[in-house]
Structures are given as C-alpha cells and as structure tokens.
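Here is the structure we will look at, set down as structure tokens.
All chains are identified by letter, namely A, B, C, D, E, F and G, in their written order; residue positions are counted from 1 within each chain.
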Amino acid sequence: MVVTTIISYLFLAVGCFLIVVASIGIIRFPDVYSRIHPAGKSDTLGQAMIFIGLMIYEGLSFVSIKLLIIVIFIFITNPTATHALVNAAHAAGLKPWEKGDDRN
Amino acid sequence: MFDAVATIIVFAAILVLYRVIKGPTIYDRVLAANAIGTKTVVLIALIGFIYERPHFLDIALVYALINFIATIAILKYQEMGRLD
Amino acid sequence: MIELILGKYNYWVYITLMMIGFYAMIEKENLIKKIIGMNIFQTAVFLFYISIAKVKGGTAPILWEKEGIPYDNPIPHVLILTAIVVSVSTTAVALALIIRIFKEYGTIEEDKILIMSEVSGKQDSTENSKFLSSTSLLQKGE
Amino acid sequence: MIDLMLLLFLVVCAIAAVSMKDLLSTTIILGVYSLIMTVVWTRLNAVDVAFTEASVGAGITTVLIIAALSRTKREEEGQEYGMWSKLLNPQDLKLTDKQSPLLWLTSLFIVLITGAVLIYGTIDMPDFGDPDAPANIHLAKRFIEESYEETGVPNFVTAILASYRGYDTLGETTVIFTAGISLILLLRRKSYICDTTIKEKEMKEHIVIRTISRILIPFVQLYALYVIAHGELSPGGGFQGGVIFGSSIILYVIAFGLEEGRKVRIFREMGDLLNSTGVLIYAGIGVLCLLAGGAYLEYDKLPLGSEKMASSLGIYGIEIGVGITVAAVMITIFFITARHER
Amino acid sequence: MEIIQSAQPLYTVAVSLLAIILIGLSGNKDPNLRESWTILAAIIKFFMVVSMIPQILDSKVIEYSLITLLPGLEIKFRVDALALTFATTASFLWIITSFYSIGYMRTLKEHAQTRYFMCFAGAMAGAIGVAFSANLFTLFLFYETITFCTFPLVAHSEKPDAIKGARKYIVYLLGTSLAFQLFAIFLTYNVAGTLEFSNQGILAGKASNALLTVIFILFIAGVGKAAMMPLHAWLPAAMVAPGPVSALLHAVAVVKVGVFTVVKVILHVFGIDLLSQLGLGTCLAYFASFTIIVASVIALRQDNLKACLAYSTISQLSYIVLGVALLAPSGITGSILHITMHAFAKITLFFTAGTIYLVTHKTRISELAGIGKQMPFTMSAFAVASLSMIGIPPLGGFLSKWFLAIGSIEAKQIPIIIVLATSSILNASYFLPIVHAAFFKEPHYAKHQSPKPKQNMLEAPALVLIPLMITAIGTLVLFLWPSLFLDLARIVVAGVTGEN
Amino acid sequence: MTLTESLPILVIIIPLISAIIIPLIGRIDKSIAFAFVISANFLSFIISISLLNTVMETGRISYWLGGWEPPWGIEYVVDYLSGFVLVIVSFIAFIISVYAKKSVEMEVEGEKILPFYSIYMLLVTGFMGMIITGDIFNLYVFIEISALAGYALIAIGKKRAALIASYNYLVLGTIGATFILLGIGYLYMATGTLNMADLRERLPMLYDSKVVLTAFAFITVGLSLKLALFPFHIWLPNVYNHAPSVVSALMAATSAKVIAYVLVRIMFSVFTMKFDLEVVPVTKILLFLSVIAIIAGSVLAIAQTNIKRMLAYSSIGQIGYIVLGIAISNQLSMTGSLIHLLNHALMKGTLFLVVGAVVYKTGMEDISSLKGMGKKMPFTMAAFTIGALSMIGVPLTVGFVSKWYLALGALKAGMWFLVFIILVSSLLNAVYFWRVIEGIYFHQKPKVRSQKSTTKDSIESLKPEIQNQDDAPVGMLIPTLILAGLCIVFGIAAFIPVSVVTPIVNMLLEV
Amino acid sequence: MNFVFTSIIMFVFWILLSGEFHFLLMLSGIVFSLFVAYISHDLLIGSDNIRLFSTRMLRFCRYVPWLVWQILLANLDLVYRTLHPKMPIDPQVIRFDTALRSDIGITVLANSITLTPGTVTIVANQDGEFIVHAIARKPAKDLLAGEMQAKVKRVEG
C-alpha cells in the first residue's frame, strides 16, 4: 500500500461518512428548510471528498481531470438546486419549522 | 474498499428513499431525489474504479451536468404551474 | 431450488418489475399513470436484455489493453439502445395524446372519459353536423 | 450484495411510483428509478445503455412528463383503495364504478398469468452471467474478436450499432423523427399565451438559477458534442449527445422562458428543417455508399482514403446525423409539449 | 357420345349480358331503343338455342370451357338434352315475357324501367347459364347471378312491403345457397375431386354412405329456389313484384332453375344408381309428395290470386322433383316434360293475374266474380292454363302427369299415384272455382254504388294480351306436338340410365 | 453493386427518404409534396413487382445491409412470401395515396397536411420494412415505426374520440410490441442469434427448452395484440371508426395483413411446422380464437350503425379468416390464408375508399347516410356493391376464392365444423352488407339538406327520376374503381395469385 | 471578442474532456468549440466585457480557498447537529440587503451562503435582497456579521 492509496482511502472514508450523515439528516430533520442543510452541504462535500479520494488514487491523468471537472460542476449545480428548492418552497408559502413545534 | 464504499452509499440512498416516498411535501421529495442523484454520481464513478474502467466517468459527468434540469423543471412547475 | 433462485436473481427482479408496470398499464385509470407504468414495463424488459449480456467477471465491451478478461456481450446493449429510443418516442407521443385528450375532455381519467363519450353520443353527432355544414360549404366553394 | 440492494431499490421505487396518487411525486420517483437504473446498467457493464438512461432520464423523460402535467392535471383521481383492501374488503368498493372487483381481478389475473409464464421460461435459462450461454458465444464472440479489426472502432457497441446493425440505428432515428413529426401533427398550434407577470417575477427572483444556467449551458453543449464525437472510443454517441444537447436548450427554456428560447436560439422553422436534416444525413450516407458501389451503409466503399478511414468517417457521419435529429426532435417535442396555448 | 367444342353456349349466355349493357346505355333517354334491345336479345337468344337442337337430337353434346379460375373451379358450358329442354322453354318464354313486360310497364308508367329491363336480361343470362353449366361451380355462379338480378325486380316498387318481401326473398335464396349448397359443393369437391357433371354421377364409391347422405341433404336444402317445404316461404313473399316478374320468377327463371338444379344434382352429381343404392330417391320422393299435398291445401285457402298461384307453383315444382326422385325412366321423362308444361301453363296464369291487376287493380280471388265477361280473352286463357295445371287432356299438363304416374309404377311406388291423383283433385278444387266465378257469377258490387257500371269489354292492351294468348295456346300445342321434348327427354334418360 | 441488386433496399429507402424530404419540399410548394408521395409510392410499387419477378425467376434474394454477411449484419430477404406481401402493400399504398388528395384536404387541417403525408410515408416505410427484413430485431424496429406513425395518423381524426382510440391503441400496441421485444430477447438468449434463417437452423434442437416456448408464446401474443385477433380486438373498431378515411383505408387494407405476414414468418419460417403442430398446441389455440373472431366480428358488425365501425368489426372477422387458414396449416388452407391477405386488402380497401368518398361528399358516416346514394354516386356505389359481394363471397369475386381454399383446407383437415363456421360467417356478412346495399339502391335519400335550401330542392323533387348525379371526384373515383375492378379480376383470374401463392405455401410447409 | 474567448474556453474544456489528440477529434474539437461559441457566446460571459470577466475569474480563484475552509467547518457543524441525539437545531429566517448588484456576484454569494455553516439562501433577488434560512442562532449571527459579503464584494469588484 502506497501512501497515496492510504490517503485516498481516508478521503473515501470521510466522504462516505459525510454522505451517510447527510442521509440521516435528511430523514431526521423536521422540515424542508432544515433538511436542506444536510442535503445541500454534507452531500456535496461528501461527494467531493470521494472524488478527491479517487483523484489521489488515480494520480495525475485525464481521468483525474475529469473527476475534477465533475467536482467543479457539482459545486456549481448542487447549491443552485438547493437554493431553487428552498426558494420554491418559500414562494409556495411553506413556513419553516421553529423550535418547539411538533415533529410531523 | 471501493466495494465497501459503494455499498454504504447504496445503503444511504435507500435511507433517503424513505424520504422520497414519505414526503410529506413535494419539496421533501425533490430534495431527497436530488440527494439520491448526487449519490448516483458517486456510485457510478466508484463502479468505474471497481471495474478499473474510467469510461464510466462520462456518465457521472452527464449527471453532474444535467441532473439539475429535472430539479429545476419540477420546481418551476410547482411554482408556476407551467414550464414555458 | 436455491440455486435456481440465487443464480438468476436478476431475472426474478425483472419479472417483478414487469408485472408491476404491466399492472399499472392495464389497471390504472389515470392516463399518465399508465404511461408511467409503461415506462417501468419497458425498462423491465431492458433489464432482462442487459442481464443476458452479463458475463461473470466480464468487463464493459470497449476495447481494453488488459488481456485475458472476458468482455460482456455487446449485442443486447445495442438492441436496448434502440429499444430505449423507441420507448422515449412512444412516451412523447403518448403524452402529446394525453394533452390533447385533456383539452378535449377536461380530464385524464379513463373511466370519466368513457362515461363522457357514452353520454356525449349526441354531442358527437352535433359535431358531426357541424362537420357536415363545413363540408357543404366546401362543396359550394368548388 | 450491492446489486441485490440496487434491484430491491428498483422494485420499491416501481411500487411507490405506481401506487402514489400525486402524479408529480410519481414523476419524481420515476426520476429516482431512472437514476438507480443507470447504476444498475453500469453495474452490469452496459455503459452505453447507462449513458442513454442517464441522458434520457435526467434530461427528457421527467421534463416531458412534467410538461404534460402542466398542461393537464396533477392529481390522480379515484377512490383511495389500496391494493390489499381491494382484495380483503371487496364490499367496500362501490360496484357502480368501473373499478369493480371483477375487472380488477381480471387485470390482476392477466398480470399474474404473464408473470407465471415468465417464471416458467426462466427455469430453463442459463444462469445469470454464464459465459457459456448461447447468447454469449455465437454472434457475440465474433463481434468481440473481430469488430475492431473490421471497423476500427474500439467501442464494440458503437461498432455494432453503427456498422453491423447500422440499419437498425437508421430505423431508430426514423422512430425519433416519426415521434417529432407526430407531435407536430398532434399538438402544434399557432396561438400561444405568454403570461408576462410570471415572466417579470422570474426575472427578479430566479437570478441565481439563471446565472448558473447561463454558465452551464455552453459546457453542456460542448459536452454533448464531445459525446457525439467520441462515440467510437467511449460510451455515448449520437443519440446520447443529441439528447444532452437538446436538454441544454430545454434548460435554457426552463430558466428563461419559451419566448426567449424561441427568439434567440432555435427558430421553430429551423427546428423542423433540422428534424429532417439529421435523418437525411444518415439515409444519405447510406445512399452514397450505394452510389459508391457498396451495399447500403457499407462505409468501406466510400471514396475517403483507406477502407478503415472511410468506415470511421462514415460512422462519424451517421453519429452526427443521429445527433442532429435527436437534438432537433427533442427540442421540438419539448417546445410543443410545454407550450401553453389558447 | 360425341362432344363438339363450340363457343355457341357462351354466346347464348352472353347475348343477354350484352343486352344489359346496351339497355343500360340507352337508359331512360330512349325507351323504344331500350326495349328493342331487349326484344332483339330475346329473339337472338331463342334462335341460338334452337339452332343447337339438331345437334343435340343427334346425341351430341356441345361443350365450351371459358376459363379455369383454379383447379376445380372452371367456368364451363355444356349443352345436352336436359339443358336444352330448359333453355328452349326459358328463352322462348323470355320473348313472350318481354313483350308482356313492355306492355305492362308502359301501361302502369312504372319507374326505374331501365333497371327493370337490365335485371330481367341478367336473370335470363343466369337461367340459361344454369341450364348450360357443365359443372357445379358454373351452376352455382349463375344460380347466384339470378338471385342478385331478381332482387331488384322483386323490390321494384321500393315500397316498404316490397322491400320486406324482397328481403325475405334474398334471405331464403342467398341463405340456403351460401349455407347449404356451397357447403355441399365444398364437400363434393373434397370427396370427388371434381365438380364436373357426369351422367354416371361423380360421387359413387367416393365416400361413406353417411357422408353422401349428408351431401345430398345439403344439396336439397341448398336449393332454395326449388321451394321445397319448408324453404318455400320466399315464394309467396315475392308476390309483391310486378306481374311479369312474378311470371318470370314462378314459371321460368327462378323456380325452374331451382328444380333444374335438383334434377342436375340427382342425375349428374349423384347418379341414379348411387341414389337408389342409398335409398335417398324414395325419401326425396315422399318428401316432395308431402310438399305437393300441403302446398295445394294451402293454396286452397288463399284469397290473393298471386299467392294462390304461388302455392300452386310450390306444389307443381315438387312434381318435377318427385319425378326425378323416383329414379325411373318414365318419371324422369315426366319431370323433364313438366318443366316445360308447367312453365307454359303457369306463365299464362301469372300473365293473367298481372293483366287483371293492370286493368282492374284487383288482386283478390273473391273480387273476380264476373270478370270473365269484362275480360273474356284473358279469362279464357286462364281457364285453359288451369285445365293444363289440373292435367286434363288435350293440354300439356296431362302428358307430364301421365309420365309421372307411369314412372311411379315403374318405381313400384304406388302411394305416389295416389298423391298425384289427390293433388290433381286439389288443383281442380282451387282453380275451377275461380274459372267458374269469373264466367258464371255476377259481380257483387258495393251497396251504395247505385248505378251499375256497364259490363263493357275491359280488355288489356294488345301487347299484354297477345303474349298470354300465345302461351295459353302453347299448352295446347305442346300436347299435340310434344315430340321435340319427348325426344330430348329420351336422350336424357338414355344418358343417365346408360341404356341406349 | 448494380442498381438491380440494390432493389431490396431501395424499396424501403425511397418511401423513407420521401417521408423525410416532404417537410422540406412542402415548404416550397404543397402540391409538389403530393406528387412526391405518389411518385415515391409508385416507384416502390414498381420495385416490388420487379422484386417479385426476380424472385420468381431466380429464387430467394438476400441483401446484406452494410455489406455484412448474415448473421453478423442485418439481412434483407425477398422470397416468394415477402415479395408477394410487398407487392400487395405497396400497391395499396400507391392506390390510396392517389386517392388521398381530396379526402385529406377535407379531413385534415391545412397546416397539417405536410406532416400528414410525411407520416403516411413513414407508415408505409414501416410496413415495407417489416415485410422485407430477415432480422428479427429489425422487425421490431419497423413494427415500432409503423406503430408510432399509426398512432399519430389515427389521432388526427375529426372527432375527439379519435384521441381515445389512438391512446388505447398506443397502450395496447406498446404492450404488444414489448411482448414481441421480450420474445425476441428470449429467442436471442436461447440461440445467440437474431437472423431469422440462422434461428431456423438453431432452434430445432432447442424445441423443448422452456425459454423457446416462452419466447414463442410472447411473440405470438404480441402479434395477436397488434393483429387484433379476437380477445385482443378491442382497440380496432374505435381506431378504424375515428381515423381519417384515408388512414382507415390504409390501415384496414394493409396493417393486419402485414402483421399476419409476420405471424406466418415467425410460425413457419423461424419456427417450423413441427414446432407449431407437435410441441405447442398453438394451432389449436389459434383455431379456437379465429373461430370466435370470425363469428363475433360478424355478429358485432351487424349491430353497428356507423359504417366505418361496421367495416372494422367485419375486419376482425376477416382477420379471423386469415388466422384460421394459418391455424389449420395444411396446403389448401394456407393458400386460402395467403390469398386472403391479397383479397381482403382489395375488398376492404375498396369499401373504405368508398366510405371515404361518401364522407367527402356528405360528411356523414352512418349507414343511413348511404341511403339512396345509388343514384347520386353510381360508380362509387357500384364499387361498394362489388366490395360487399366480395365480402359475402359470391363467386367470381375474390372473396369466393379465399373461402374456397379455406373451406377445402378445413375439409381436408377433417374439420367439418369450420366449413360451417365459414359459411355462417358468409351469411352474417350477407346480412350486414345486404342491408347497406338495399339502402343504397332501394331506399329514398334521407332529406337532410332539404331544410336548408327548400326552393332548390322542391324544383329538383319535381323530377324524381333524374336525380342529379354527383359522384366523387375523379381522383378518388379511379382508385376506388381500380380496387373494385381488381376484386373481380382476381376473382375470375384467381389462378394468377394462386400461382404466386402456391410456391410460398410449399416453401412454408416444406413440401 | 466574447466569441473568441468563449471558443477558447470551450476548446480547453474539449481537450480536458477528450484527452485524445487524434487528428479527426482535434479538428472536430475546434469546429465544435466554434459552433458552441457561436450559438452560446452571449450566455457564458453575458453582457459584461471581457476584462471584467477575467479579473472576476481571477479574484474568484482567490476566494475559493476561504470558501472551502468554510465549507469544511459547515460540515463539521452539521455532522454534530445531525448525530447529536437531541438534535440541537433552532431554525431562523433572516433577511438582509447587500450592496451586490451584478448577477454573478449575487449568485456567488447565494451559493456560498448555501454551502457554508448552517445557512441556506431562500431568496436572492436582483435588488440585492437576501432571505436566508439558518439552522441555528449562531450561523445566522455569523452571516449577519458580513465577512462573506465583503469577500464576495471584492470578487465582484
């Protein structure tokens, strides 16, 4: 095992962890607005982590460049989608959950 | 390692699927579907590495680029009632 | 028996999906629902085809420098590419029809439409007479 | 393990999609279904199919269904009888409805019969992944061993698709063309309602979406063309590229509105021309082969340098033809379906 | 037996087909031209038929094969003695009927006369075609031609009752022929491998008795035109047709084609030997007897003159079937003679009925009292024809009944003689009262019609009257000089019994 | 490769390219587009004939698309059977395209005429492709091309019910097509090949494999759905009823024929007689279904008041005839079945064209609207009469020839009751057609328009004998009369089609 | 100018994607880049002039590392909140105006907010008005402190 492999595995593990956490968050949180936080952030970062791990594993090549491109685009599109989502929810008049409300 | 990661991600996706089906609002569903979308991108890339064939990345790139369209379309319809 | 089940799990899943889609196609009243069922129905068949193509330990059918690894069968992939295109086209036409149906009937529930067409037997005939007058105009124009 | 989970996922999605009343939710679930399907395809090494599923599922099907929803109705009507209550409490059902238990049982019966026949057929099948299954030895072996030599295309799928079974692909392109013309025939009207209040609101609120779309679209388009051009080397090809190109325009329309899209990008007239042009390129290359003294679509005979070069260029040409058709038709279809009219 | 290949049969049939076209072309614009085509065609046809007589009397057969559609399906004509008997009668009567039609139609100023004459010519082409057919397919073809050509004639008036009657007509004729006759033809071809008529029959020894019986029953049931009970109902229903049509239908074209088909089937498809071996002839004979008696009894109860005549026809047709079914030489002779004899007598009767309607618009027997004084010629013809029907010498009907009676003795079927006798008595009992009433009863007028109308001569126009006189005289002539038909009948008998 | 050798592909490519070009060329001038359609159809008709001719002389033609030897590439096969069906379909398509102009102008909105013709040509392309291909997957592709084209053409019918008809057709058609696709997959799985000839070689040793059985079951059911064989017929009446007249005519005259052809191909050319008779009781099932179809189709036809619908139900019965012959599967019945492909195309073509002309003239589709038409449209109605008589099966028309062979085939197979069924169905045909004929010639015209222009009518009514003759335009009349004429010509000269069909039957039954 | 610039960007993108330097592919790369630039050159860069665009790009690159750091923090925070059994969240909706006016600036800020600690942009409209959802009190306060706004303002120039 080379060092890069170990580092890449580390990244993979972290990314994996983040994605699972995000999934739990999506299930656990009480309303759209709060669920959007794990979905919009942890997911994106977890994804990025995994891709970075893969990049490190692969070394410098066109494959890594492609991975990088994917990461960049994910970072562009994901928050936009997230924003669009809350924006729409807001426009539809959905009230955010506040502390003390019953969980639905 | 890749296999394990992929399995865990599928597992996470199944968790999220609960939210897709359960809702309760349409936004929850879109949100969860979007989350599954990002997981899919990862999965496809991972599978490419499992098989040692990097060709799969092209597919992941498709999702990175255009998965967003469906989300926008759903939201626009939800908000405006039309797509044009 | 267990071998039978485990050795072919892909096929069992495809059968299940196919039945779900088929059920939706013939049982659902909502026209769009039918189309969604149709999509599932068709992808089930695709799954079947692709399952045929899989070879144990095989790799994607694109030329690879690495020797000694079997390639998966490319033919079903080719066939399914075509079939997917057909499926998309059919879906598009079906949706166009549904839009037109909604415009004419104001609903996309099959049972309601059926009731309407039964009731509107008269209406159709008035349409017919409208049609008639337009044709007679056309003939006068000749 | 992972495969089983994915397959289970598919089944759950399918059931959920079929049983939900809200059609928009159903559409979303169908989108998820398509996502997972893509993963399954990649797991099964069907990269080209996965590519197609990805582009179609993300770019076209969902959007089209939503467009159709926007012009019809979102809720599925009908009484809320679940599958089981129908079976267990038939007395609850209103017999006046069309959905009488008898009818329902009939359809269930048909479905079960079909399933039974399928299961019966499966018993004799070779095991999943069996390399000695007849399907994997007869034609496939030869294609895998010789197609690269014969056509110079490293992607076997593309080699078969464009060369050995190039005629099927012409048929496929014709199907798309047919769908496009059918939609023109069925839906196109001249009148169009443009709601300006919506437009203004959009301008103000959707600034982020618009900016990102603007940045993204050129990349998507170039990527589409890349997919078309690299069909011979890697997964993808004319169809997938065409769909992605089409979705870039769709994205534009969704973000900026149809009027904008029509004014600036693709004229309606031009769209019609392009519909035909693509197929014409494809069929025309075939005719050229005929004129060059070969069989229909026998690219080798084209007078373009060496046989391999000719073959490669021929395949490239038809990929472009397919791409143009698909992109044009997808745009046409979307324009026609999404447009609200009087 | 010498066979001459000649296209003459084809020309004979084609004459009337050509006439259809010419009539159609002349159309309504020039009625005289149109009708002269009819007359011309009728006369030419008659002479063409007659011109073949010498050859046939010479024991020769004229054959002509037009076209082979498929193996086994051949349009082929063959003129033999049996064919010629029928053809001569039919073509002669067509001339007469044509004149009568012209007079009738013009007097009544009927509509759609062009169609009428076209269909008339078509029906005649069919009748001659059936007569000259050399195989079952050709026969079936012309049989259906007649069905379709006579439908417009029956429905001529286009009034609801006419349409209704015509519908019944087509249902019976087309129905039986499609369902049973065609079935029988299929079976025959399947069994025998050919549809060609032959003097020995084509089915002998080819299939089990049961199957042959089935085929026979199907054939008999399939010939609705023969109006055997219980498939007779179309005939009275078709009485809505104009007078000349009724005459044509009931004396010549349709019903005679029916019995002719039955005769053909018995003699040339099954053959006498086979039928007697199967014992089916006797069965059919008794079946025919049943029709004879029952139809006569029904005729007795009719008040409508044409209906009465119709039932009489039903009964008389069965005579012909009966004669052949006896499978005895004299019986066959009787049958063949009866085709002609009955044709002349019955056409006279229908002409008379038509004339009465034409002049007085009366259709009921009860209204005919005293009409003999108004229309003496007509009613005399009626009387002569009735006597022929009953079988009183010196009129044609006697001859045929005589031979039939001899035939039944030859066949050792004594009960048949009783049937014949009974039937004659019944005939007498429904015809003679009419004659009696017409000549010897005072017409009873409605009470309020105080000034008695003068008993003027009210005879019909000459164009109507002369034809019916000719046919009435014909019955007499046929008794006196029957040699032609007897010779022809003898040749037929010689052919089918194999004795020379 | 010379032009003659390329004919098998040209017969498809010409309509295809014309379909593609029509939207372009129509931009310049619409009438050119129409001329284009006719000439393309005519060309492919001529090519079909020459193909059939070549086949007669030299035997089976195989064309390798892309120059790849089968089974690697797709193969086009013209043998007796496909040549025969090709001629039928291209001929009908040609005739109807000549007929189409006026009718389409009336029934289709102006701006949609061009796409209409384009799709018309695509439909034809789909049919031709299905016939000529020797590759089982290519077959599926062309089935779908024709199906999609069909959906659109049906849906533009004037009444809104056309949409429902089209939609239901789409759903059922897709189920059918997907079943076919599935069957093809099973076949591929069992044999590893897609070429029909290759399949035929490889299948016999797999006849007891459950996979092959399932494949066969699915393909047959799928085709039956498309064919509208009895329990799957529900979509057909609405489709024929509501589609524009030209489309009804084309579909009625060719669609079922082509699918029946495919069924024959699969049953006898991919699989063998042995399989059909011994391994699966498919012939028995088909026999049973076709008998029901024959009777049910005819009985339901009697109950109709709309003439197109009546003809549609009658088509169901006639499809039953075709399948019946296939199911009996001896030499005579197969001849009957194949000949009926031609005959029914001619008869139904005639009848639907007549109905189209009537719709063009009066705008009505009820049976009662034909009343008194005998005087108004004598030639058209003469064509109807010929078609109807042919349907009844009167000798000297094509209908009789089919019945003759079917009945003899049934008798040869020892199935008496089938003859009875055939004859009963003739009778039922007679009932519903005679009703119409009677109306045409012996009923007075219903006074529909008299309310509008009373004065004019009253003048006309003074001379009832000379009702003004107002027949369909020549462009519609001539095709109708040609088809009607052929009903008689091939009824008399039946040996011509039979001489074409006999070698086909010998080939299929391996005699 | 826009056109040339876009096509150059596109061609670079092509090379990165393709990784093949085959003659035919390079040629088509050039053609396609020009084609895409032709139909979409007004999209990528918009109405801005090139210089502004490129300086913004450069400044944006300097902004990215800070952003990445913030994202990492955000995630740690979120992981804590998600996995904590009591789920210590207290959502807030806050509203503020910024001085940003350009589309790109607003977009960058909005997406940065979305990616960073506990906040999600709900509304970002052309007038620079923002509505933000924060998962707890602290992130809201941090956002209102305005560090990020300032940095984005610097990018916008």
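Here, a residue touches a chain if its C-beta (ideal position, glycine included) is under 8 Å from a C-beta of that chain, and two chains touch if they have at least 3 such contacts.
None of the values given here were measured: they were computed from a predicted structure.
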Subunit B to subunit F, fewest steps along touching chains: 2
For subunit C and subunit G, chains touching each: D
Which of D-F and B-C has more C-beta pairs touching across its chains: D-F
Remotest chain, subunit G as reference, centres from CA atoms: E
Rounded Å distance between subunit E and subunit F, as computed from the means of their C-alpha atoms: 44
Rounded Å distance between subunit C and subunit F, as computed from the means of their C-alpha atoms: 25
Inter-chain centre distance, subunit A versus subunit E - centres from mean C-alpha coordinates, in Å: 100
Mean-CA-position distance for subunit D and subunit C (Å): 12
Residue numbers of subunit B (touch at least two other chains): 11, 13, 30, 51, 53, 55-56, 58, 61, 65, 67-68, 72, 76, 78
Contacts with 2+ other chains: residues of subunit D: 27, 45, 47, 67, 69, 71, 118, 123, 125, 133, 135-136, 139-140, 143, 165, 168, 171-172, 175, 178-179, 182, 186, 205, 208-209, 212, 215-216, 219, 223, 233-235
Two or more partner chains touched - positions in subunit C: 22, 26, 52, 59-60, 62, 75-76, 79, 82, 86, 89-90, 93, 97-98, 100
Every chain pair in contact, whichever chains are involved: A-B, A-D, A-G, B-C, B-D, C-D, C-F, D-F, D-G, E-F
Contact footprint of subunit D on subunit A as seen in their complex: 73, 76-77, 80, 83-84, 87, 91
Subunit C contact footprint on subunit D (complex, rising order): 3-4, 7, 10-11, 14-15, 17-18, 23, 26-27, 30, 33, 37, 40-41, 44-49, 52-53, 56, 60-61, 64-65, 67-69, 71-73, 76-78, 97-99, 104, 107-108, 110-112, 114-115, 118-119, 122-123, 125, 127-131, 133, 135-136, 139-140, 143-144, 148, 154-157, 159-161, 165, 168-169, 171-172, 175-176, 178-179, 182-183, 186-187, 233-235, 239, 333, 336-337
In the complex, subunit D residues that touch subunit A: 205-206, 208-209, 212, 215-216, 219
Contact footprint of subunit C on subunit B as seen in their complex: 51-53, 55-56
Subunit F-facing residues of subunit C, complex: 22, 25-26, 31, 34, 38, 41-42, 45, 48-49, 52, 75-76, 79, 82-83, 86, 89-90, 93-94, 97-98, 100-101, 104-105, 113, 117, 124, 127-128, 131-132, 134-136, 138-139
